[in-house]
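The following pair of complexes shares a single chain, chain A, combined with chain B in the former and chain C in the latter.
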Partner chain A sequence: MTAPPETTVRPGAEGSVESPAPGRWRRSRVHLGPYLVPAAVVCALLCVYPLVQMGRMAFSDVGPANLIGEWTFSGTENIREVLGSDGFWEATRATGVFTAVLLVVDLTIGYVAAQALARRGRLSSIVLSLMVFVWALPPLVSGSVWKFLLAGDGAINAVLQLVGIGRVDWLSDPSLALWAVSGVAAWASLPFAILIIRGGLLSIPTEVLEAASIDGAGPIRRAVSVVLPLLRPTLMVLVILIVLYAFRSFDFVYVMTSGGPGTVTTTLPFLAYREAFTTYSFGTGGAIASLSMLAVVVLAIPYVLGVRKEEGQ
Partner chain B sequence: MTNTRHSVGTRVVVVALGLTYLLPLLWIVLTSFKSDQEVRSSPNSILFSPSLGTFTDIVDAASSSVVTSAKIAVSVTVLVLALAVPAAYALGRRLTSRWSRASAWFLGIFLVLQMVPQPMAVIPLYGILADWGLVGSIYGLILADVALMAPFAIMLMRPFVLAIPKELYEAAEIDGASGLRTFRNIVVPLLPNGIATVGAIVFIITWGEFIYATTLMTDPANLPVSGLLAQQTSLYSVSWNRLMGLALLTSLPLLAVFVLAKKRLVEGLSVGSVK
Partner chain C sequence: MLRPRAQAAGAAAIGMLVLSACGDGSDTGSGSADGQQTLTVWTYYTAGGQNDALEQQNALWAESHPDVTIETVQIPFEQLPSKLLATATTQDGPDVVLDNVVVDFPTLASSGVLADLTGYWDGYADKDLFPDSAVWSYEDKVYNVMSYTNLLGLYYNADMLEEAGIEPPETMEEFQAALEQLAPDNEGSVLAESGAPTVEGAWMFMPHLLGQGKDYCTMTEADLTTNLQTVQGWSQDGVIPRETATWDQADAWQAFMSGDYPFGINGNWNLADARGADFTIGTTRFPAGPEGSHVFPGGEAIGIGAFAEDKDLAWQYVEEAWMSQEASLINFEASGQIPTRSDLADDETITSDELVQPFVEAASETGAWPLNQETAAMQTAVGEAHSAVISGQSEPADAARTAIEAVTAAREDGGGSC
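Right, the complex of A and B next:
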């Protein structure tokens, strides 16, 4: 998971305000507002304004000729066109499969690996560094090497032929390509998932686990009854972050398959991007993007409320 | 659970995991030492006579894109920190209950903004930057990257501000230090860890950023590293040794940042991200 926003900070609840007495703060000569102004202005212009434009685009007839200039209002035409097209629903399905693969891999392998890597030792720290380095690599670099490894005459097929299984067309077989690309994206996001889960595991007090052992709980019982319930908030955040990541699943699709063969690996972000920048139908692209944003906002609500509640305002 | 020794099963899991990440990296290095002919005749050979031919072919393209990316990543990191440190300070200090409520709202907004899918944000952003005449220029890309990273950097920086004990602020106020002096002489000097962590992460992500780079930089002679790699992969017949060589050369600066910031990255991404 290379995209940053996964690393959302959820600071713990902190203490009360500095000057609780209402009379006192008025005398404080410190004004915090000005420190926020530069960031707020930049975000208003380059984050919020684009969102407004995205919404307007969805209801306008925008092409390459009038992208800069007047947009004609076209009502719900773009939205109806998108919702009526097979491409949109196929892309929604592809995004669903992509998300599911990421969730399964990142949560199961992520949990097992985080358990193993939570123990201190040289081996753990070497493997952890290696994985964080791979996380830091540009997605284009890891996507390219996997495209090479999975190619018809690539290394994976060479090994498969050696053991007698024979060649598999990972990226050109329509029934396999989406799984292959999702698998590589899961591989790339796994280091991040492991770091998050490991962070959660390390915050569980050793005494709690010792107490469970003394009470006669075996390793599986301890995992199910003690560790997982304590880890639930961490895993919930991770689930939301993985789903959000799937909504920007672009780089690996672009490098490995360009949305093909046919359109089987065309996910929603890839479809929106292609509409806007290959066919220059900015209106349709904006409509797909706006519909996806709705899904993101629905996901964001419980998350934002959760974080704010934790802030203990 | 941190002091238990590795059991055999655990070791197997860890080693297998390590190999899954190590082998692709080795493959990049190995392939970039192959000649064009070697890659074409036997792409998967492990024993071959290494050649530096690939590197001499690509070094010019690679170095010019590394310079472009370095300009972009350094500018973006500096600008993002210049926005995020004061903003995180403003949102991390609880002066009054009214300010706390306001900052909770801002935090919610920044959280949502960092969730906007980038391949979708680029659609309206392209129009806006085109309107301002900034498409195709490095400045347009820098602006877009700053906007991409700023909300995230503020969220990541804030816990470091929260860790500053409020007694320090009170002492500063009693000493009669002005607001700006408190910020400059007390807050910023206490944040080297936060600045290094956030700076390293912003640099890394900007270096690998691809969607804005390939959409907003239109001049093929002036591509950042992601643009160059994308251009190579979209060629009709990919030359694997060149592609892997470029991947290797353009990742070397990241290796340097990684070595310097490794510990902070592991901590910043795990402990700092989900408390």
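Right, the complex of A and C next:
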């Protein structure tokens, strides 16, 4: 089997034929610098500042009475309180399940669907357009629609009863609710996964696949030994983005179950929201959010290192 | 999903909500070049009757103030307090706000986002017509006033009860017997009530304990366990559907109005809607326990935003469009919300309305809310236990233990008072 030249398979790298001379890079940076200022200011105001405030909150005693004024430094008290509560670990587990469902659904169904849609044609275009529509739907809208569909007297139960299967309490059965909400979130994120994987598939040179066929590889062998290894950088990026998405699993939970029944669907971001804005424990809310952010940073490190490695090559 | 912002927002909801708080369209009332002024009013009303009442009360105000435009901003129930708290940072908020006083008052009053109404209230000619419970003070300053109150009661489908030969129940024993009788023919749809793991679910559940002489500060783990066992029995015996565990009050009301449920526990703000039902609706008080029938007083209170530019104008609006006799009657007729003014207690408009009478009676025998900074946490803990038991996530004893621990801890965190 012929090994592909590595520079041709990285998505988005097709156009980077030659590197500019060092002198040109320096000039470009000097010229581009001022143009970065607005973006840097917006980023500092809308991303960095709230994150710094959140971090401060995690180590402060903040309640409604001193929300405007000075925050008393409380050391690691909030962190210790959060780590010592059963609710945090239950929410961590729920977030883990949520993440796992998204990864499995998006990667497996996403890969199969991307393969099917990789062939150009009118049907593919229609399906892709529909997927973009689903992806663009605000979670509050799609979540509300799914809440009605999954209700006891909703359309899905009506169909199940028509075919002789009894009614299922999708959102109120403690053993099903988290899976149902995760499934809906996976449904909403699937179009993005398909589009990304499809982009990766289309960037694989047909010559490579043809060479594999000439070498006697069947469809499965081609997928396992050629396509998946070449898709690895794309899939790695996708995995990281799915994990990031799962760790902000707030909207569908908020709309569909309010964290219930009981606390079954209370994920980390929902728990942080509830602590901060329902019971007004801003300090513990900030601590939960900071710990979530830390987990995301830890998970994102392989992604950043991977990207740097790819760039180095 | 996975839009570019996801990479930063993966941190969690806090950052996201801090951002959202910065752009909520909370322009405060102000004048304009042509002399037209605007008053911004924040509410979380969703019931049709409440919105109709608000519209008519605003029209009443507009008659005498054609130069002032009322801009109503609808904010989701759970988001209103957080958006109001965010005005502390933006220094820009509503002129008038209708807040969920029984849960959020200690938080809002202490955070400085509500204006001190003491001067206005002291100078209000009709202030003696309002009961003490309608005036909400924090550190001897008035921040909220209530022009109406809302209470829970038992709605029933009179057609279904008549067919089954059941009289409207007055005590918990009669209620239990009626539920048991109706359950076989109405599997899973006898009683429509909220069991969401929130303060709403707690509000629906706590009258069980109030009827036994217990409240947030006196209930024991055993008390809570016993009452959660009752609810568990309802869930297991097909009295309430399991999805009650995620229903808020609006969901419960929609279920009752479908005509499939003989009973529904809900508030008097739905009375206007109830009059349009396809079946005959009756109301009675929440079934009484050994210590009588008691519910917590509810309803929204009116406050003026701390950053309102023209507080005098805002107070004028509060007086004329909410506290006045005429406005209170408009509100009652459009929504069923019970005026707190004592000079309307014997008004024929109210006394001749049979459906509202149980709620009016309940208003004189209400339970006492815990006036504690952490009251929201206390109520949420009970709401979660209630939801967990209905769904089957927890056994009553386990849920009660967790809830009592959380309630006790919250009460101590809030200063220990009740």
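Throughout what follows, the second predicted complex is superposed on the first by the 272 of 313 C-alpha atoms of A that agree within 3 Å, B and C clash if a C-alpha of one lies under 4 Å from a C-alpha of the other, contacts with A are read in each partner's own complex, and residues count from 1 in each chain.
Rule of thumb we're sticking to: a contact is a pair of C-beta atoms (placed from the backbone, for glycine too) under 8 Å apart; a residue touches a chain by one contact, two chains touch by 3 or more.
Worth saying up front: this structure is predicted, and the values here are computed from it rather than measured.
In the superposed model, A:285 lies in contact with both chain B and chain C.
Within the superposed three-chain model, A:234 lies in touch with chain B and out of touch with chain C [touch as defined at top]. Shared-chain residue A:206: touches chain B; no touch with chain C.
In the overlay built on the shared chain, the residue A:255 is in contact with chain B alone; chain C does not reach it. In the superposed model, A:189 makes contact with chain C only, not with chain B. Within the superposed three-chain model, A:67 lies in touch with chain B and with chain C [touch as defined at top]. Comparing chain C and chain B on the residues of chain A they touch gives the larger count to B. Contacts of A:98 after superposition on the shared chain: neither chain B nor chain C is touched. By the document's definition of touching, neither partner reaches A:59: not chain B, not chain C. In the superposition on chain A, contact is made by A:242 with chain C only, not with chain B. Where the contact sets of chain A with chain B and with chain C meet, they give residues 46-47, 50-51, 53-54, 57, 67-68, 135, 151, 192, 244, 247-248, 250, 258, 269-270, 272-273, 276-277, 285-286, 288-289, 292-293, 296.
The residues of chain C lying in touch with chain A in their complex are 1-2, 6-19, 78-79, 81-82, 85, 88-89, 106-108, 110-112, 188, 195-199, 241-246, 248, 373-374, 376-377, 380, 384-385, 387-394, 399, 410. Remark: chain B residues 1-6, 10-11, 13-15, 17-18, 20-22, 24-25, 27-28, 31, 43-44, 82-84, 86-87, 89-91, 93-97, 99-101, 104, 106-128, 130-131, 143-144, 146-152, 154-156, 158-159, 162, 166, 169-170, 173, 178-179, 182-183, 201-202, 204-205, 207-211, 215, 225-226, 229-230, 232-234, 238, 240, 243-244, 247, 250-251, 254-255, 257-258, 262, 265-266, 268-275 touch chain A in the complex. Interface of chain A with chain C (complex): residues 46-47, 50-51, 53-54, 57, 63-65, 67-68, 135, 151-152, 169, 171-174, 177, 185, 188-189, 192, 241-245, 247-248, 250, 256-264, 268-270, 272-274, 276-281, 285-286, 288-290, 292-293, 296.
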